[in-house]
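Input: structures, listed below.
You will see two complexes here that share subunit A, one where it goes with subunit B and one where it goes with subunit C.
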Partner chain A sequence: MANHSQFGFQDASSPIMEELMQFHDHALMVALAICSLVLYLLAHMLSEKLSSSTVNAQEIELVWTILPAMVLVMLALPSLRILYMMDEINEPDLTLKAIGHQWYWTYEYTDLKDLTFDSYMTPTADLPLGHFRLLEVDHRVIVPTNSTVRVIVTADDVLHSWAVPSLGVKTDAIPGRLNQTSFLTPRPGIYYGQCSEICGANHSFMPIVVEAVPLANFENWSSLSSS
Partner chain B sequence: MRGLLARRMKFHLLGAFLVSLGCATLYKFAVAEPRKRAYAEFYKNYDPMKDFEAMKAAGVFESAPAK
Partner chain C sequence: QSFKLLGFLDVKNVPCARDSVLYGSLGSLVMGLGHFLATSRVKRSCDVAVGGFICTMLGYWFYCRFDLAQQKIRQRMLKEGMKNRVLFEGSYLDPEKKQTGSERGDS
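Presenting the complex of A and B:
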């Protein structure tokens, strides 16, 4: 989860999120270069007293067309690379379905003897000491580490969105449609997210908690939960 | 005085490009590269089972309660 007054991304917990963070650094670097160029030129123009009687500016016009085109290519190529990487056919080890309702999530693990449960936010009054306000749920999404997990996201009523920032996942939940996303986390831990599409009065109160545990513990949990 | 603006513009245009490249390079070596190194360092000797056992002992997991 994010700390108070956190400005940047949460620590990446999946390879895709690491790629996204690097791309964000790249894009910000380009934006910084352009902004500093414009600021410098603006400051110079505002302090310059000479005037120009240029009528033929063919060369500079060529430069300030070609250069921005090159900048755009520099941004587009890594962006497309990550886009295609996110959509690779990756033979998931586990598929689970996330269904958005007003205002909770239902998770279905149909790979494992029809394990289904609802996930409601833990009300603040019932929060144990040390737990995070508005982020904890009664039943977490348990997934194995180092395994590609495919999540099929849909909704039962209105638009929702299943998002977990540190895994680099955000997928809209649309009634009547199945959207697919996948992630892999090499680190065991607990990853928090929140509904990311306005869905009514309690839109801010239907969080997502993904708990990644080693495969043996996941299998133990799933056999206990299914029985 | 002839061509004074053109001379000044060329000088400052070059200066502007150098400043912007400098800002980009500063960002790259002050933020982007340290971040990549930090992630590489973290995962170099990372032991997920040790991490998991420590978190389990702290009682944070729902699926693996501390004994």
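Presenting the complex of A and C:
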């Protein structure tokens, strides 16, 4: 989860999120290079007299065409690589439906027998000591580790968005439409997210909590929950 | 703790960032000073210094990130190999067992 006044990303908990963070670092390095150049040009122009005697600007025009093209290539290639990586057809081990309502989520595990539950935010008054305000829920999404999980996201009433930053997942929940995303988490843990599309008065109070557990624990949980 | 260059690039926590900026500064100093010593032109030397900073910084950045990516792949392969060794040691899928079996067959 995010700490108060956190500005950067949360720690990555999926391979896609790691790739996204590396691309972000790369983009910032390119931005640093461009900012340095712009700052230098500003300082250079401030130290020159204001006069324009240019009649033929062939060289400068070549430079300011080629350089931006190179910058775009430096950014576009890694970006497209990650975009296609996110859209890879992988056989999911588990399919989970997330349905957004005002103002809670419903999760359906149709691979398992009739496992459906609602997930409401735990009110602050009922929060046990040490738990996170506005982030905890009564029923978490349990998923197995090292397994590709496909999430099909939709909504029942208005637009919502199912987002878990540390897994690198954000998918809009649109009424009448099924959107698909997938993730894989290599280690056990609890990952927090919040609804990311304005959906009414309690938009900030319908969090998402994904709990990744070893496969044996997941099987125990699913058999207990189904019965 | 983080140290953000120009307010956005965290050179302490981003791998390769600190080295890229330092090598870029060194390259800038060398190229700018060298150009000035060769030509005695101040403004053009400043231009060369800034160009050198950008090129050296980005050049080292690409090299370092490529190296880091290869290292991560090797780490993953090693981790997978160690896991497979523990899983398959002594079984019919053990590659070392297959090798010794083929050696016995040859002799």
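Here, the second predicted complex is superposed on the first by the 225 of 227 C-alpha atoms of A that agree within 3 Å, B and C clash if a C-alpha of one lies under 4 Å from a C-alpha of the other, contacts with A are read in each partner's own complex, and residues count from 1 in each chain.
We adopt the following convention: a contact is a pair of C-beta atoms (placed from the backbone, for glycine too) under 8 Å apart; a residue touches a chain by one contact, two chains touch by 3 or more.
All values derive from a computational prediction rather than experimental measurement.
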Should subunit B and subunit C be called a clash or a fit once both complexes are overlaid on subunit A? clash
First, second, both or neither for A:57, with subunit B first and subunit C second: neither
For A:40, decide between first (touching subunit B), second (touching subunit C), both and neither. both
Now for A:85: first (subunit B), second (subunit C), both, or neither, which partner does it touch? neither
So, does A:198 touch the first partner subunit B, the second partner subunit C, both, or neither? neither
Kindly classify A:72 by the partners it touches after superposition: subunit B alone (first), subunit C alone (second), both, or neither? neither
Looking at A:26, would you say it contacts subunit B, subunit C, both, or neither? Reply first, second, both or neither. both
Subunit B versus subunit C as contact partner of A:218, first or second or both or neither: first
Which of the two, subunit B or subunit C, is in touch with more residues of subunit A? B
From 20-28, 74-82 or 92-100, the subunit C stretch with C-alpha clashes against subunit B: 20-28
Touching subunit B and also subunit C: which subunit A residues? 22, 25-26, 28-30, 32-33, 36-37, 40, 44
Enumerate the contact residues on subunit A facing subunit B in the complex. 12, 18, 21-22, 25-26, 28-30, 32-34, 36-37, 40-41, 44, 48, 50-52, 139-140, 142, 145-146, 186-190, 211, 213-214, 217-218, 220-221
Parts of subunit A lying in touch with subunit C, wherever the complex brings them together: 8, 22, 25-26, 28-33, 35-37, 40, 44
Can you list the subunit C residues touching subunit A in their complex? 2, 5-6, 8-10, 14-15, 17, 20-21, 43, 46-47, 50, 53-54, 57-58, 61, 65
Complex interface listing, subunit B residues touching subunit A: 4-5, 8, 12-13, 15-17, 19-21, 23-24, 27-28, 31-32, 35-36, 39, 43, 46, 48-49, 51-52, 55, 60-64
